[in-house]
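Multiple structures follow.
In the two complexes below, chain A is the common chain; its partner is chain B in one and chain C in the other.
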Partner chain A sequence: MRVLEPWLAEPLGELVRESSARLALVMTSSGQVVGQHGFTRSLDVMAAAALGAGILATTGELARLVGSDADFGAVVHQGAQQGVWLAGFDTPRGRWVALVVFGRNSTVGLVRMFFQRFAARVREVAPMPMPDREVLAEGFERELDASLRALFGGG
Partner chain B sequence: MNPERWQRLLEDVTAIDGVRGAIVVTAEDGLVVHEAAVEGLETGDVAALASVVVRRAEAIATASGDSEVRLCTLSAEKGIVIAAQGEHGLWLVAVTEPDVELGRLRLMLGDLAPELG
Partner chain C sequence: MARIDRDRRTIALTLLVVGARGAGKTTVLRTLRQRIPTDRLRAGSSGESDPDPMLDWLTMDLGRIQGWQVQVDLYAVGPVSNRDSTRRLLFNEADGLWLLADSQANRFDDNAATFRAAREQLVDREGRQRDLPTVYTWSKQDLPGELILAPDVLRDGFAPGGAPAFEADLVRGTGVLESLHALVTLTMRRLAPAREQPS
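On to the complex of A and B.
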């Protein structure tokens, strides 16, 4: 498991452990990854994050079209061997998205239950956002590298 | 089965003294299909966890060469959870106080669960 900020490790670890998730991804609603479990290739994470954020944005718009005030909350894709749980949740850092892939040793209900606990725990432990800083070109690449190292390890 | 009939069935279970809630659960995905419960009982959580217990019990039964699981009873200090197998992967789950009339409840669940589906 890799997280961008240490405080996320405990709630994400509990979600993965208790729901028997195969893969998990936590990202901002714009698709920036803040934590992951089970992915081994950065390319897969980036693709999954972009697709997940896109699916949630699409269903949110669909909800608006059919007259719902809020979005659908969660989207579940269920296959023969594995399922995908995708849901947004509010944090002090804004709206985040969790994507959980689970196999036949887990259930939608179990993932739903531990996702709710995860979201509550994140709200509890997430520090308030840092004031906006100016992003400078010379620092951008260094910060991006640091984020990728935190999420995937390596030098 | 229609929701009204399910509701009547669940109300038969909750009419027994000490029963805090009755839930129709899908074992495959651990979700609540129908429920009748007292306020404060987290039926979604009960359904999710009951489905895990049922699936584990089924795995044990298979591994030990037994036939299918019909009834699972989980006794704890502050309450009991009983799950009875219905049709089409549905389970009838009751959550009770520890001093419930367990014999009567087990018989009732065994009779009613096959009516699910």
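On to the complex of A and C.
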């Protein structure tokens, strides 16, 4: 398992363990990967994240088109050997997406239940983002100005 | 939104250069490539042999500002629409806008249409208009006076709200660095608690 921020390891680990997931991917709604379990190649992770975020955006658009007040919540593909659960959820960091691939030793209902617990747990433990306004301190412009002048050769 | 990694203390800004076909976007990036030391720069293009490629980009390393390593990704975005998804993604990510107007009088409508299209694409996921730091550059001010519009006329037409605007002679490269300097400063002010009065 790999996570971008350490606080995500515990809820993602529980989701994978309890739902018997083969693969799990957590990403922002624009497809930036936040954590993953089970993928061995980074190319697969990026492709899965882009496709997952795209599928959810598409179904959301479809929901709006058919007059649904909210989006469809989750997208489920159930195959003979394995299934895919794809759903969005709100966090203090914005809307995120989880993709869970599960085999015959699990069920959609089980994944749904542990996904809901996972989403709630993320909302509990995710630190609030620091406002961007606090990234730089007052007086940064003097340093920036010097840096730009050096970069542009005194221009 | 600026990409901020608080653990690694890095800030990456995405700035877009937008202009009508032939307004000088590629020349602006070429000027920057010539003026910025190669060890602080990476660059590329979607069509090296195309005089007006769909997408030119360069990445500049600004060095450390208050302990933050700052990088600027600058994309010159063409007006053509055959790569709308790329364009939409860049507009979603953009932190600042550099609007490049061709000063020739007969290009006024092209400039207006390009800037209008850019503003229409600057919306967030809920469809609300995004307000980005913006600077204007009036290119080709070195052409004979009878062919071009004066900076005051261009300002009244495109930047009546008082956004910074610079006259540029792209052949000599004047006005380019000044425009970029102003845009980077305006964009980074949004990461600080209060605007500092320049000394």
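The rule is short, and it goes like this: the second predicted complex is superposed on the first by the 132 of 155 C-alpha atoms of A that agree within 3 Å, B and C clash if a C-alpha of one lies under 4 Å from a C-alpha of the other, contacts with A are read in each partner's own complex, and residues count from 1 in each chain.
Operating definition for what follows: a residue touches a chain if its C-beta (ideal position, glycine included) is under 8 Å from a C-beta of that chain, and two chains touch if they have at least 3 such contacts.
Everything numeric in this text was worked out from a predicted model, so none of it was measured.
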Touched partner set for A:Glu141, first chain B, second chain C, both or neither: second
Which of chain B and chain C A:Ala150 touches, first, second, both or neither: second
First (chain B), second (chain C), both or neither touched by A:Ser30: second
Partner chain(s) touched by A:Gln78 [first = chain B, second = chain C, both, neither]: first
When both partners are placed on the shared chain, which of chain B and chain C touches more of chain A: C
In the complex with chain A, residue positions of chain C that touch it: 1-2, 4, 6, 11, 35-37, 40, 60, 62-66, 68, 70, 92, 125, 177-178, 180-181, 184-185, 188-194, 196, 198-199
Residues of chain A defined as touching chain C within the complex: 29-30, 130, 132-145, 147-148, 150-153, 155
Residues of chain B defined as touching chain A within the complex: 25-26, 28-32, 44-45, 47-49, 51-52, 55
Chain B partner contacts - residues on chain A that touch it in the complex: 78, 107-110, 112-113
